[in-house]
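Chain naming follows the written order as A, B, C and D, and within any one chain the residues start at number 1.
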Amino acid sequence: MNQSTLLTWMIFAPLIGIPFVLAMPKDKTQWVRWLATAITAIPLLLGLYLVMNFDPNNTSMQFEHHFVWIPSFAIEYYVGVDGLSILMVLLTVLIAFIASIASWGITKYVRGYFALFLLLETGMLGTFCALDFFLFYVFWEVMLLPMYFLIGIWGGPRKEYAAIKFFLYTLFGSLLMLLAIIAMYYNSNPATLVDGTPVNHTFNIVKLITENDFAAKAPLLGFEFSKLLFIALFIGFAIKIPMVPFHTWLPDAHVEAPTPISVILAGVLLKMGGYGILRINYGIFPEAAKWAAPGVALFGAISIVYAAFVCLAQKDLKKMIAYSSVSHMGFVLLGIAAFTDQGMTGAVFQMWTHGLISPMLFLIAGVIYDRAHHREIDGFGGLANQMPEYTGLTGLAFMASLGLPALAGFISEFLVFTGAFPVYRVLTIISGLAIIITAAYYLYALQRMFLGKLNEKYAGLSDLTWRERVTLYPLAVLIVVVGIYPMPLLNLINKTLMSIVQVFKG
Amino acid sequence: MNITFPDIVFVILAALILGCGAIVAYSRNIVRAGFSLLGAFAGVAGLYFLAQANFIGAAQILIYVGGVLVVILFAIMLTRGIAQAHSTNPRQMVIPATLMGLISAAMLITIALYFPWRLRPDAPVATVHSLGNALLDTYLIPFEFLSLLLLAAMIGAVMLVRKEIKESGKEESR
Amino acid sequence: MEPFAQAHLLWLIPVLPLLGAFINGAFGLKIHRRYGEKPIHVVAILMPALSFVIAAYYFLQMTALAPEQRQMLNHLYDWIRIGDFNLPLAFWFDPLSGAMTLMITFVGTLIHIYSVGYMHKDDSYWRFFAYMNLFMFSMLTLILGDNFVLMFVGWEGVGLCSYLLISFWYRDLKNAGAGMKAFITNRVGDFGFIIGMFALLWALGGGWNASGYALQRPENLTLVFREIKLIAPLLLNEQIFGIAAPTFICLLFFWGATAKSAQIPLYVWLPDAMAGPTPVSALIHAATMVTAGVYMVARLNFLFAMSPVVMTVVAGVGALTALFAATIGLFQTDIKKVLAYSTVSQLGYMFMGVGIGAYWVGIFHLLTHAFFKACLFLGSGSVIHAMHHAYHKSNNHHDDPQDMRNMGGLGQYMPTTKWTYLAACFAIAGFPFMSGFFSKDEILWLNFANANTLIPGQVFWAIGAGAALLTAFYMFRSYFMTFTGKFRGSADTAHHLHESPKSITSVLKTLGVLSIIGGVIGLPKLWHLPNFLEHWLEPVFETAQPYLHWHHYSHGLEWGLMALSVVIAFTGFAIAYTLYKDARSKVPAQFIQKYPALHRVVYNKYYVDEFYQATFIRGTMIFSNLCDWFDRTVVDGLVNLSAFVTHQFSKLNGWHDNKVIDGAVNGLASLTGYCGQALRKVQTGRIQTYLYVLLGGGLVLILIRFVIFS
Amino acid sequence: MTLTLGLPHFLVVAALLFSLGLVCILSRRNAIGLLLGIELMLNAANINLIAFARFVESDLSGHVFALFVMVLAAAEAAIAMAIVLAIFRSMKHIDVNLTVNLKE
């Protein structure tokens, strides 16, 4: 096991940066902003280095850093990255960097804001890299807390309601997860820690996946053990995805959150759910996964279609984008449930592309909100005359989101559909309907906001500032490049996902 | 039916005691009650003699009839207003009192009759001589205490009345 | 795999216009401000012209090859490769796509030249050309793509560009609405196309046995046309949802085609697409984009030929659309609407052609139609341009420059436009020796003689002939109303009417000539003349031939039918001439008074738009509002309800806490106090009471001792 | 009816006398009446003592106790009468029901 501390440095760099940010003098906000962005740049560089040296053909964990943390409970500090999480880590560092630049617009308690922001980034990176269940849960909560404060303090008019709702909803999910973790811990087979001490139970996810077979365990509370745990964990992660019945926190959280936080929330946090299901649910409970697959697919399809219809009726731009996130994340579920190479790769790639597109969408919503201080789609009109460059970028983002071919969105949607079609024909066709509705609500919004005569109220709106360009153009270029030449990224995740699917194909 | 002489005496005495007792208990007139007490005490003394406790009987007559009865009568006479021709001795709740009396009598009698007493028919006669010896050697301490008690009683009674005179010295100079 | 030549520069054909689009799109505003319009349209015209040159070069190179080797591949890189599924990014040049590319680049370049004059002094000049070049890129990708997904990229790309170009003058919300309608209707078609693509992919791949999650024939998992052509027969014994695989798949593809090529029921967007600038209508909504559906059916000839059901559906829909659109065209007063419905109708003819298996004649009509329809549209464009210019000068802002009723007698003002328009009218009506005659007549004849469809060919022939009559009539009606008679506008406006600038008229002339001589590439065998196009496209369609079979009628019958179609053309011309020449006769006006209801219905396009609006669009809106309401009240309601319940429960807890438990404690205290109070009464001070209580207690104890325990 | 004088006879008479004393105390409102009752009960007790001394006991304790009881009775009567007189002097009546000012 090639021990490398790269991941640890990447995870804890933001955390180490926090005291520096807090130590800055109060009035020099510009200094604070530059420092914070510099700190987020470190994990970005490390992330790029990580991707460069990542060996796509090796499906086991790489860049592991493994030492005993709490021996009495067999808890280890174990981080590593493999095909499944490499894209997510890359996405996190990228979006965090861009969001930190977008956060330059924040004026209230700037130092506090950036401290929480960096803590959030640590939490996110930690969750993606953690391979010890306890560590995973710790980072999961570390991520949750700053998010609550960021929405609760810097949010919009109904920020408290939204923050509380977000927090309690996710907490309910993580509670279920905690119970499942403990149940799994006590039912896991004996293993040995890194330094060789034998222990009778283990939190190590990799060992849980490889050395344990939970299907044979005694039924718990009257239900079959692996199925019950699968469902408990699934609900915990489904809330995060969000899946339809548990999605109502997302629109409120997005509408009330400040722009950069919406970017992080949509860009990275939603992927936690999908990543969790693939890493934990599908890893540890393959039989239960196969048993639950039709249900997962059904909920995926419902999410896609239902959320698309709801989008059509939205008045608030950010709420519409939030619902469209719900709809697009529905594809992830559909892809996962199909157990085909294309479906699985498509699902993970959908998480990646949605991670690029939705931040761009939220940044766009932020741009118009900074100028007009409201987000009513009908309130605008004919912005194209006034802000051509902004209209161009919005057009690109909308087209990417509705899955125009040769843009990132299409690749992942096409793969998910290809993967899901043979196994769930009817569901895929129904989800296919959503591409029409998606096109409808995006163009309808585009028309109401940008086309037609210029609404005289917004005659004076200025076009994009340099700061906004710095955040929007990288994403736009990435979306187009990924759309035209996705192979390098697909190669990263291909081998690992095919090995995961192989388990089900057997 | 060989009714022996002591039995007749016993019956007469019992009747005397209970009759006077009843008068004491139920009569409305306090004076009649006081005097009927005399009959009761005499009957009891008779019983003592019957039970061959001659000294005690004598003592009974001496102490009760001579002492206690006199004091009571004095008290009666003193507390009755001169004008009252007929001293009232109001009674209340006679029925529950009688009921309570009957119940306790019933209980005591059942105990008396059904309790397995270890009878010794030839109990020694309590002569004055043996009594005197008993009083002065086995029962010496109680005897002495008793004398102390009597002394205290005497002082107490005197104290009560004297304080009385000092208080009401103004209107009555008796 | 038959060997095919490597054409390394093939990818330049689509990418050059993309480059042009990028240059004009990204820097157009600056160039326009600093250097004016010239550099923009130079770049914009140069790119398609270069593509045309490359295409012509490869076309000639291909003619040198033997017929069965006429295939060129240009494989760039693997676009998506996951597991057994491999999707290359490659361009494929074979006789069919070669011909199409030549036509597109040639007509495209001409229209770009034309647009220079037409869009002169438009404030977002650069944006127009950027979109036009982007369109060329998408169309060429569609044609040259060697697999379904690349074709789909072009398919949606052209949809996007038509959206951008239709709503080019977005200040007027009506145009924006038309653009959105076009895109969404196309999107409906794309839904069918995608599902068809997946069905084909997995039907070939042998489906997926859900139990073992393994693929039966993983090696067949491909979307590349030439590989599918080889393994297509596998589909014959496959079933999807109980329907035979080829039928199911091809119906879905045809669903996509109806949206793209504006056939019933998804044609509604094309007439509204006239809101865009006329060169756009000419290029996109006449010559290239709308023909994508026909090209796709032709490209998948080996699939469509497999199931007679599909062929009947395609040909039937084509015929119905031809007739239906022709009837609407009769009463339209807006010149571009007339041409729009005529396009829909001519597309119906093309589908009749490819529907019955005569793929080469469908393509032939596609090519000839491209020429004369482009000429007609550009002609109408030059008329509108002149009218607009005249109105502008005579500051008459309320009259519609596109309404034929305000025109009349423009012939003497715009001779070139008049003659080219007339020539194109002769072509489309099918006058003998004109390009339209050869292609349309060939379609009608082959329909008559086909035995591939369930409905006898004669029915299709009859519908086609009727549509031809109507076509001839409304085309010449539009010609006479616009160019003959007296100008129905004010003298002041008439004064400003003059011929369009040279850039427009030169293009009109070339297209006029082409629409006349266009027929030469597909002369009928009846006249024992060399039929270049059929022979040229023969290798592409030979895989489908074994499934097709034809009736063999005598030549005499063929001559008779040909004569009949000529007669039809002339009668149409005659009727139009009598009714509309110099607007002399009153018959049309009387007809409108006599049957006002009929006129109104046809004029309003049988209220199909309103019907769609009322059912699908309003239905979707209502359903989405319902979903939104449901989401806000029920799902969110549940969450808030759970919050409310928890809140109430905690309040209940609070109440219980201080009322019951506290109460109990206080109660105890008060109870004791109460008892104490009660007991106080017992202490009466009278001795007897105490004695009673004493005796009572003693009695009770004794009772308990003896009665209970003994 | 052979009525040989035995212990039960004495006990029965004593019991009856005792209850008469009790009745007297309970039903009297006059303080002296109360005391009369006490005297009766004491005598009843004495009868029992003597009876037992006569029929059961071997030594003289019965007799001695009887003596002591008598002495006590006398002392008690004296004190009682003093109290009664004191009450009479201060309250002009010796009704038991009214002398209740000790009540709380």
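General observations
Heads up, the rule we're going with is that a residue touches a chain if its C-beta (ideal position, glycine included) is under 8 Å from a C-beta of that chain, and two chains touch if they have at least 3 such contacts.
This is a predicted model, so every value here is computed, not measured.
Chain-level centrality, scored on Cα centres against the all-protein Cα centre, points to A.
The geometric centre of subunit A is 108 Å away from that of subunit B, both derived from CA atoms. Subunit B and subunit D have Cα centroids separated by 6 Å. Per-chain Cα centroids separate subunit A from subunit C by 35 Å.
Centroid to centroid, with C-alpha atoms defining each point, subunit A and subunit D lie 103 Å apart. Shown for subunit A are the residues that touch two or more other chains, of which there are none.
For subunit B, the set of residues that touch two or more other chains comprises 93, 96-97, 100, 104. Multi-chain contact residues of subunit C, defined as those touching 2 or more other chains: 688, 692, 695.
The complete set of chain-chain contacts reads A-C, B-C, B-D, C-D. Every residue of subunit D that touches subunit B in the complex is listed here, in rising order: 1-33, 35-37, 39-40, 43, 46-47, 50-51, 53-61, 63-64, 66-68, 70-86, 88-89, 94-95, 97. Against subunit C, in their complex, subunit D makes its touches with residues 22, 25-26, 34, 96-97, 99-104.
Residues of subunit B that touch subunit D in their complex: 1-4, 6-7, 10-11, 14, 17-18, 21-22, 24-26, 30, 33-34, 37, 40-41, 44, 47-48, 50-53, 55-56, 59-60, 63-64, 67-68, 71-72, 74-76, 78-79, 88-94, 96-98, 100-102, 104-105, 108-109, 112-113, 117-121, 123-124, 126, 130-131, 134-135, 138-139, 142, 146, 149-150, 153-154, 156-157, 160-161, 163-164, 167-168.
Every residue of subunit B that touches subunit C in the complex is listed here, in rising order: 93, 96-97, 100, 103-104, 107. For subunit A in complex with subunit C, the touching residues are 165, 169, 244-245, 247-249, 306, 309-314, 339-342, 345, 382, 384-385, 388, 392, 399, 404-406, 410-411, 414-415, 417-418, 421-423, 425, 428-429, 432-433, 435-437, 439-441, 443-444, 446-447, 450-453, 485-487, 490, 494, 498, 501, 504-505.
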